[in-house]
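You will see two complexes here that share subunit A, one where it goes with subunit B and one where it goes with subunit C.
Our next item is the complex of A and B:
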């Protein structure tokens, strides 16, 4: 059971927005990694895909469960999609939030990751996504990059924030 | 058109770098956008189709959605 949380790094997006936020040179001194995020994108949809890339590569197997406010669905994929975040037609000034948890990120076996994310929208349509991800890499995770993968190549808007924590099991 | 910006936070040094995307990153971003649009359209079409099928079934059974929930509870 983890008993320590240490903030490794954080970033809040400034004016004008950005395409991506990357944490690099992640130290190997923890047991697990946790990222808390609060995001809004410039896309015109209510819900927008969030992607994550580890160590600059992609070899993922995803299983996800998604609710839309009116229906539920499940699916799988091999891309970097990890959940839905709000676009710029969601309720004004609201940010979706979520977290990514990666245990044993320095292990020499494939990494198992859990992600949950919600869009936050004061209307019927609001997405909630729970994703289980497996990443077939046998080296330690040293970088993690977040971006919107929505249509129109949207940006992560101002005040979007990411907080990366390291967790030790002793 | 302004080149999108990427932020890199170096966790070892605390340095934060803001730089324009590379040509390769821009290409990947455009591919992501196309794939995402297709995925979203597929999901929306399925949700709409399921809703129509559900309404048709309720009409055929002559019950409301709330009554169907009671049956399945």
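Our next item is the complex of A and C:
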């Protein structure tokens, strides 16, 4: 039976945190890419945006649908935002979880990416975000880098983890 | 999820000739769940409709939560002749994942969960659930647009997930 759902690489952040986590030299041998993540940022907000860049470039459009426990909203953007994650004023030890799915990542057409991210902290505000991201570059994706948005050079905190999988359709 | 044998590609279709529908038939009953991944676009603005086993009766319903970039809305369709997840997409590349649980059982009605991603004009990011009121095992799935065609090169991939 084919090995169609394969771990390519993983990264768990150590003590002190890091500014970003990058998967590079992604092989072109799969059909789709899937990243599963568990994240907390040092940013001082309860929730803060997570961003991703592909191949070090910037040519993004996004659309999100987000619920906070009190309201639901939708918006558009032209930045690298892919969802909200817990900041360092969220309840201690809470991490946001989610996954990013990119079909046909080696294709010569613009990439359409689906991201599902959630936080929960037993407090007044949490975030559930579905994000559609379009990346206009038509070259194959060979790297992706995740980082926290927000001021003050926030870091991805210790125990943050990413798992990159490759999926084949044959 | 364990790597390898629990996530198996069953079939892939790449559209051509301005197709308006795509069908996966003779789906084996050997898995627990089915996943269908769509990546592509349509010639205008269109929903993507689904039917099972060629059933054209009013046996489908769906409920959706979606955002178009300015507003979030929820709605539903009942006693329809297809699952209409309300997650319209358009001329720019879009993606959705459809998950059909316990598709081969012959006791319960069948649910399908959708997550959809589109930034095209008049399109949505969102989630939906569809119901087929039939206890038959699903052996075929048909997808069709609502009035447009799939842009050539759009892909549908059917995966089977086996309980470990």
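Basically, the second predicted complex is superposed on the first by the 167 of 170 C-alpha atoms of A that agree within 3 Å, B and C clash if a C-alpha of one lies under 4 Å from a C-alpha of the other, contacts with A are read in each partner's own complex, and residues count from 1 in each chain.
Just so we're on the same page, a contact is a pair of C-beta atoms (placed from the backbone, for glycine too) under 8 Å apart; a residue touches a chain by one contact, two chains touch by 3 or more.
Since the structure is predicted, the reported quantities are computational estimates derived from the model, not experimental observations.
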Note to self: Between subunit B and subunit C, whom does A:81 touch in the aligned arrangement: first, second, both, or neither?
What the structure shows: first
Touch test for A:92: subunit B only (first), subunit C only (second), both, or neither? neither
Which holds for A:23: it touches subunit B only (first), subunit C only (second), both, or neither?
first
(message) In the overlaid three-chain picture, which partner chain does A:73 touch, first (subunit B) or second (subunit C), both, or neither?
(response) both
*Touch check for A:114: first (subunit B), second (subunit C), both, or neither?*
second
| said: According to the stated criteria, A:168 is in contact with first (subunit B), second (subunit C), both, or neither; which is it? | reply: second
(request) Go through the superposed model and pick first if A:51 touches only subunit B, second if only subunit C, both, or neither. (result) first
Going through subunit A, the residues touched by subunit B and also by subunit C turn out to be 66, 73
In the complex, subunit A touches subunit B at residues 8-11, 13, 16-27, 45, 47-49, 51, 66, 68, 70-71, 73, 79-81, 147, 149-153, 155, 164
Subunit C contacts subunit A in the complex at 1, 3-9, 12, 37, 39, 65-72, 92-97, 115-119, 124-127, 153, 155, 157, 159
Subunit C partner, complex, touching residues on subunit A are 1-7, 31-32, 61-66, 72-76, 101, 103-104, 109-116, 130-134, 167-170
Listed in rising order, subunit B residues that touch subunit A in their complex are 4-14, 16, 18, 21, 25, 29-30, 32-37, 39-40, 43, 46-47, 50-51
